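Same chain, two partners: subunit A is paired with subunit B first, then with subunit C.
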Partner chain A sequence: MTNKARLNLLASVLLPLCVAVLLFILWQTEVLHILLGTDTITLPLPTRIGEIIGQNADAIWEHTQISLRVALGGLVMGSVLGYGIALIATIFPKWGAGGLSIVSAFNAIPIVALAPVINNWTRDISTEVDQRSTVAKMLVVMIFCTASMSINAFRGLTELKPFSEDLMKTYAAKRGTVFLKLRLPNSIPYIFTALKVSVPSSIIGALVSEYFAEDTVGVGRQIRENIVKGQYPTAWAYIAVACIIGIALYAILMLVEHLVMKRRKG
Partner chain B sequence: MTKLKRILASKTTVTLVWVVGVMAIWEVFAFIVAATKRTPINVLPHVWQIVESFFSDKAVTGKMTMAQLIATSCGETLSRAAIGFLIGTVLGYLLALLMNMSGIVEKIAFPYLMIIQMIPILGMAPIILAITGDIDSSRMVIAAILTFYPVSTNTLAGFKAVEKEKHELMYSYAATGFQRYIKTYIPFSIPYFFTGLKISAPMAITASILVDTLQGGNGLGCMLSQSLKGGMTRLVFWDIVVISAIIGILSYYLMGLIEKLICPYKRRGQEVIL
Partner chain C sequence: MKMKKTLALTLAALMAVQLTACSGSETSSTSQTESQATENSSAGSSDEMTDEERIKAAAEAGKVGNWGLGNEYEIQALLTKYGLPIDYITQDFTMDQFDSDAITLASAMTYNELGLVKNDYDGALNYGDSVGIIDMNDQGVAMLEDNLFCSKKFAEENPNTVKAFVTASMKGWAYACEHPEEAAEIVFAAGSSVSAGHQEYMAKEVAKVVTTDTKGNPVSADKVGQMDEAAMQQTLDLAKKYIKLEDTAASEKLQSFTLDDIRSTEYLTYDPEKDGAPEKTSVSVQLKWLPQCQFMGYYVAQAKGYYEEVGLTVDIISGGGDISETTAVYNGTVDFGVTWVSNLINANAGGMDLLQVAQVYQRSALVLVYKK
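Right after this comes the complex of A and B.
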């Protein structure tokens, strides 16, 4: 690494960090409150939020687990369903592509609005409130995640390298072989593209569906409940946790992508 | 015969068949629900019930019919979403410009643009409502934040995607910085910019509706939650779900239409996900 490149890297780490520190100082010294026209009750100091997280660590961890279960469960269900739709669309390209345009229209629907109805749909699944409400929340997250996976996976399965399909034909490869050797590996980078959209949206889906759920648990519900009760510092603690979950899951995804892609190249 | 075949093979037919198919599946489930549930309207009403209730002239609230009620609440929600969307678009575009002009700004802002996509902003809706203290401004703020980063990242990607030859040509013309932006950067990035808008327009509307549900008022989301609580017939809820779906899809197509008007030449920007 040349000197200049090293300096460049240092700058791209230090500069954002400086801004973060500046923001922290402004927040802690209450300058930010004056700028936003608010007070330390609605926007508590960072140290106070940290204190609350420390005090309620057990409860927060419990709610985090619940929300994570919903987000990840829904994410897996949605991604599998989305990939399945993409597979069917690849087998029947003409009708499948039309079906995908319907699925992508789902992206534009405020699915949030469906959360309360899905609660009604799952009423018969179980007599336990927590079970049926978890299923309802997962369904919302699933719908959130399906569209991006099906669209991206379809592209991965069909947008092949030029002539690779012809090469397969000259080998007299069966459709199954073409799929296993060509289409499936080709779709892997696209799966990660889809996940980069659906991992953050799975968390949003989980938090928002908790607002409407029967069962009053989860990080999202706690944010809302604590605000209704006027306990802003606690609500902020849960917001901080939600942000940490979002960033952590994204970081894990990046790491997995890095590992998988490196192995593919090597 | 060949004409018929062409009509059958066209893309519109395929989409139409799918729409009819989805509606048919809906109806099948609606019949099952109607036969087995005590209050089918809460679970899944028939499609025709929804359509009929929208056009009926029976009053659902004090004096408004369904269509009037939905039109007024749509106006309320959409106008705020649109203002937030505009603010977010302008700010996002400006930031992309600044990031392209100055490496320092880019280094500072880019990590934050990445982080903001990982943060569940919609989950923060209640606290934004508490800070602004007013439902109108919180709708705008959230719609603006959600619009801001797709526009910014996509536009920046558009600026970066300008081919080297174009820069060299402008250099050979001794073009000033201002001319380079007017002649190369900005025209080139328009499709990318619209990709950002297409992502964020439905998001801004969704966000507005969600914020509505948190507090009373006259928006779509408020009517939605009031209808769920039993304040008025459940069909209000279903009508709003359907209408908001249509609005969301229309907002996407509206952006595509504006794009076609502004730059009719075809050059698609790739969707950028960091």
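Right after this comes the complex of A and C.
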């Protein structure tokens, strides 16, 4: 291992780990509670949170699966839609840029306003509340994830290396060939940039959409229910699970990016 | 080259996922038309249906609505009574789902949502007498709602303040129930969240809930705020049965509760001569929701100077959204709070040490409303 690689490992793994351990110690010894001016009921100890996760592993796993399905379904739908919009904007550059601003405007609508509207749209999809509610939640996440993908993919499809487009022209390449050999590969890194934004926001979107859904399931809904009922340890157990989901999905994304980009270079 | 293949594969996989999602919803839409057909055939006889048949039909169609978040226990008790699963659809804070038939048995408070369904003022749906109700009190599953509470520690340290605040507030409640129109004006002037017409309706309906017990007997003005032993016990028993806590420690604590763990009747009377002056003279009370006649007693006590009479300066803080009144009282942000008894039981099970010092609503105001 070179010195530089060692330093990299230190910075990317050991440092966050040290911070986490320090936070855990401060939290468990209630120093954190003094610093934040709170108590062990509103901010339960990590061991208590862990105990509840252990006791309710089955129920928590159920809710986690539901939230994951919504987050990933919405992420996929939003990313595909976003990439599609970017493609159209690339093919018709004249009004493409304008279209992209509209997409970003949609992204700015708060979920509180969006959720009841979407619930109304999806009411006729199914008589089963869990099915129509899942679709409604996925649509919320989709809207959350569309903008970052369309804007980034559009950049990837249009901001080509200098002269590369000219070079293709000198080869008398057709538009389709330019697209397949130049634009599409050029957009891959931008897709990952977009996903780095939309993976975390898909989880936040899924959790918040559960607040307003007709169905009373999912990690986000459990956080809300338990806080309103004054059950802070249980609420924190679900908050911890939400954090773990976020970190896990991000780690998977980094791994996939690493593999794909390595292949490209090779 | 390899990269392109992977990309194509991922794209194909993504599309497959979407297709399955779409086809899933398609099959369910056929089952929807079927169930709609059965519904229509039974719709003709709905006027002669008994409450039991109505509840069963709505539960089987998955169209019983409630807001959840601790408001669902009476509905679950009712469903259990008729041997039905305790599932319900989350109702938002409008009655649109009822209007569009997405919910056929909708939860409503007699003083609020029921008025928005029946009445003809702006923002209401004007159904008039074409809707019927199923009353939780009649069904024997009533749980008591709006109370007045503080932390046990606060009550121990400031007994006279608590007594003074409770008696002055209940004097306000008694006056408001006798003069609901005046009370509605006072609340409207204090920063109302709803129209003047709805406020007046609410004042009259809340007066009924405060001055009638679960059996339908009148409660006299001097008894406002009393804790009816049987109704409190029923509330606690239903809470033990229907509050489901994932936290084992909290759940065990809940099951061990007796009424003495959640309420005290010691603070209902105040004699300044004998008890002495209030220890803390400036207090605040956290409401459960926006300013409206649901809380008219406190606004009336303030406007009529009842708090001043007992030497208190009172700050009325309105709630709304996800305000957790139990947490606010527990951590000392406010001194008093208004909540449902079941929420207080929940909070104490979770480790808070709260004490109910008055029970304002003497019967459940929750009903299920249906179109005849």
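The rule is short, and it goes like this: the second predicted complex is superposed on the first by the 245 of 266 C-alpha atoms of A that agree within 3 Å, B and C clash if a C-alpha of one lies under 4 Å from a C-alpha of the other, contacts with A are read in each partner's own complex, and residues count from 1 in each chain.
In this text, a contact is a pair of C-beta atoms (placed from the backbone, for glycine too) under 8 Å apart; a residue touches a chain by one contact, two chains touch by 3 or more.
If you're wondering where the values come from, they're calculated on a predicted model, not measured in any experiment.
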Which superposed partner A:Q55 touches (first subunit B, second subunit C, both, neither): second
Contacts of A:I227 with subunit B and subunit C, given as first, second, both or neither: both
Contacts of A:T216 with subunit B and subunit C, given as first, second, both or neither: second
First (subunit B), second (subunit C), both or neither touched by A:G84: neither
Contacts of A:P189 with subunit B and subunit C, given as first, second, both or neither: neither
Which superposed partner A:A242 touches (first subunit B, second subunit C, both, neither): first
First, second, both or neither for A:T42, with subunit B first and subunit C second: both
Residues of subunit A contacting subunit B in one complex and subunit C in the other: 38, 42, 116, 120, 224, 227, 232
Residue ranges of subunit B touching subunit A (in the complex, touch as defined): 9, 11, 14-15, 17-19, 22, 42-44, 104, 107-108, 110-112, 115, 117-124, 126-127, 129-131, 202, 205-206, 209-210, 213-214, 221, 224-225, 228, 237, 240-241, 244-245, 248-249, 251-252, 273-274
Parts of subunit A lying in touch with subunit C, wherever the complex brings them together: 38-39, 41-42, 52, 55-56, 59, 73, 76-77, 79-80, 116, 119-120, 123-129, 131-132, 135, 138, 180, 184-185, 188, 212-216, 224-225, 227-234, 237, 260, 263-264
Contacting residues of subunit A [partner subunit B, same complex]: 11-12, 15-16, 18-19, 36, 38, 42-43, 94-95, 97-99, 101-102, 105, 107-114, 116-117, 120-121, 193, 196-197, 200, 203-204, 207-208, 211, 219-220, 223-224, 227, 232, 235-236, 239, 242-243, 246-247, 249-250
Complex contact set, residues of subunit C against subunit A: 2-4, 6-7, 11, 14-15, 17-18, 21, 24-25, 28-29, 31-32, 35-36, 61-62, 68-70, 88-90, 92, 94, 96, 100, 102, 243, 245-248, 250, 322, 324, 326-327, 330-331, 343, 346-347, 349-352
